[in-house]
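Below are structures written as structure tokens.
Heads up, the next two complexes both have chain A, just with different partners, chain B and then chain C.
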Partner chain A sequence: MMRIWIITSVATMVLLPQLAVAQDMPYDPAATQSCLAEMADTDMENTNVCVGRSAEQCADASVGGFSTRSMTACMSAEYGLFDEMLNVEYAKVRGLAADLDKQVNGTSFDDVSMGDRLVQMQRAWIAYRDATCAYERRQFDGGTIGELVYIDCLTTLTADQAFRLQNSVLGL
Partner chain B sequence: MLRVGFMLALMLAPVTAIGQPLKVSETMIRTCAAQTPYAVAQPTCAGDAANICQALPGGSTTTGIVECLRAETDIWDAMLNEEYGKARTTFDRIGGEDLKIRLRDAQRAWIAFRDAECTMRYHQWIGGTIRTVVGANCHLQMTANRAIALRDLARNEP
Partner chain C sequence: MRLACILAVIASPIVAEGSYDVYDLVPEPAALQDYDPDILLNCLRKSGSRESRQACIGVSSGACFRSASDNHAIASIACTKAELDDWDARMNRVYGDLVHYQTYRDENQLAVEELREMQRAWITFRDTACKWDTFTSRRMQGAAESDADYCMMVLTAQQTLFLMERARMELARVNRIARERAAK
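And then the complex of A and B:
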């Protein structure tokens, strides 16, 4: 858990040195959060439509208006929101996996615990996320659009994984 | 070839009450993909064809349900391969070898993720027969997700 948190946080810092000094970036997570709250009651399967709501509002409200630059800064903040959500959901599933491991102690068909399987899955996800987003950035050849595509990719995949963990908490 | 395929189909077909193999509608699954809008991660109609298949004779047993899920997964997997091939062709034109290698690496990483995810889910239910249904459903949903993602990636052409 800690390890994953560190990995993603380091990724954020390396990626977004400008974020710390970004001035007047009017990012407010409310739009995305209220969308998520609404979808949780009505349409749990399609929560991904909420991803980027606050970032778009933020870019529109930025000094100089909507641009690749403002959208990249705003999407970076949105990434932070979903990275945090992923860590919260992961911690929940980690707790449930530990409970399950206690229940089936000694009756499991093999020696791998649910906790270990969860860690393996999450590591595989991180490798998949990194390979996918590296490739998407390369598709746009590292320019300013490439940076936006990259942070958008990270945000989308991170949100997907947070929702996957949330919706499937040791269920179907 | 046709003959071999036919014999294989006979050998692999699950034995049902009336001896009919469990089938899914390929048209229905391809329509589902076509109707899934750009940038929608999870096609909500994925699994519909398997559900219909489960209403066929023999389709509602655990074996039948899994057979139906796998039949639908095979169609999504074929579409995934088609989209992957299209992406490679596009990158031949715009990005060359480096981009193709990155795409291949990403696809390999996805396969490892899919396996880790679905193995984990299977093992959550290790004590019951439902585990095979959970595992097969995981493969179906993840394959559908990836087929759409690859389709959309190729549309991101700069």
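And then the complex of A and C:
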């Protein structure tokens, strides 16, 4: 049980590159959040179009304007937004899965509990995210573009997974 | 989104030299009569970016079960499976090409190894995620089997589009290296 706890508590932890984030970085999550709220009412399947909205606004408003550097800093803040969302959704789903497992005495239809199924998926997702974003970054041989590609990759995949879990809250 | 524009600008001198595209990927004829792979292929051809190609996912299977005269639940299962097979064939082809290109470019094989590792990790994720979806899906369009295939189709399609983008860039690099080697 301890092992599962450790896995779930570090579910989304990732070592980010040390980014020089300017103190006056004008990141405001409102643009992304209002887009998400609107899509939840109208087009649940395409919420991923909202990912990056606030980061783009932030980069435009940064000192020196839109650049690889400002976009990297702003996208890191956007990553933080979706990482938090993923953690919130994961905790919700874990609770619902545990309730369901109690109702069926710890077993589900094919003897794997929903809690275990969730942990299996999340563990596989972490390996997939790490392998995919490392591979993407390598294509740019590090450098500033590589960092932007990396943080963009993390943000996209984290948002997708948060949406996946959010959808399953409704089905559990 | 804007990042795509930055990358396109950076990549464009390289990309312009490559020709890797969806046209190269003609799938096997589908076993299902109502399934027309050309609908998907035409949609991909008309779409200029990875984002707009995402919107093509499901067009052939959608047309397939709308054209089915009766028993939509059964048609939905068969049509979804047909598009899953279509994407799967595309993905295998693109993945094979990408391994080939990266092997050619990388003398130390590091990128090829990372590519293999990524694809292995993706397969495990796809299987666990679609298993999870089967138990939690709200779609309720048909049997659990159809939900699993729908999830497999979407994830396979997304991975194909990702690999396709990479293959396009790698082919351009390979062409450039080949020209440099020939010039020596």
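Assorted remarks:
Note that the second predicted complex is superposed on the first by the 142 of 172 C-alpha atoms of A that agree within 3 Å, B and C clash if a C-alpha of one lies under 4 Å from a C-alpha of the other, contacts with A are read in each partner's own complex, and residues count from 1 in each chain.
To be clear about the criterion, contacts are C-beta pairs under 8 Å (C-beta built on N, C-alpha and C of every residue); 3 or more make two chains touch, one makes a residue touch a chain.
These numbers were taken from a predicted model, which means no experiment stands behind them.
Overlay on chain A: chain B and chain C clash in the combined arrangement. Once chain A of one complex is fitted onto chain A of the other, the partner contacts of A:91 are absent, as it touches neither chain B nor chain C. By the document's definition of touching, of the two partners only chain B reaches A:104; chain C does not. Touch criterion met: A:134 reaches chain B and chain C at once.
In the superposition on chain A, A:56 makes contact with chain C only, while chain B stays out of contact range.
Of the two partner chains placed around the shared chain by superposition, neither chain B nor chain C is touched by A:25. By the document's definition of touching, of the two partners only chain C reaches A:66; chain B does not.
Once chain A of one complex is fitted onto chain A of the other, the partner contacts of A:152 are limited to chain C, with no touch recorded for chain B. By the touch criterion stated above, A:35 is placed in contact with neither chain B nor chain C. Taken together, the two complexes place residues 108-109, 114, 117-118, 120-121, 124-125, 127-128, 130-132, 134-135, 138-139, 145, 149, 164, 168, 170, 172 of chain A in contact with chain B and also with chain C.
Across the complex, chain A is touched by residues 40-42, 44, 91, 95, 98-99, 102-103, 105-106, 108-110, 112-113, 115-117, 119-121, 123-124, 126-127, 134, 137, 153, 156-158 of chain B.
Residues of chain A touching chain C in their complex: 51-52, 56, 59, 66, 68, 71, 75, 108-109, 114, 117-118, 120-121, 124-125, 127-128, 130-132, 134-135, 138-139, 145, 148-149, 152, 164, 167-168, 170-172. Here chain C touches chain A in the complex through residues 1-3, 6-7, 10, 110-111, 114-115, 117-118, 120-122, 124-125, 127-129, 131-133, 135-138, 166, 169, going by the rule given at the top. On chain A, the positions that touch chain B within their shared complex are 45-46, 48-49, 100, 104, 107-109, 112, 114, 117-118, 120-121, 123-125, 127-128, 130-132, 134-136, 138-141, 145, 149, 156, 160, 164, 168, 170, 172.
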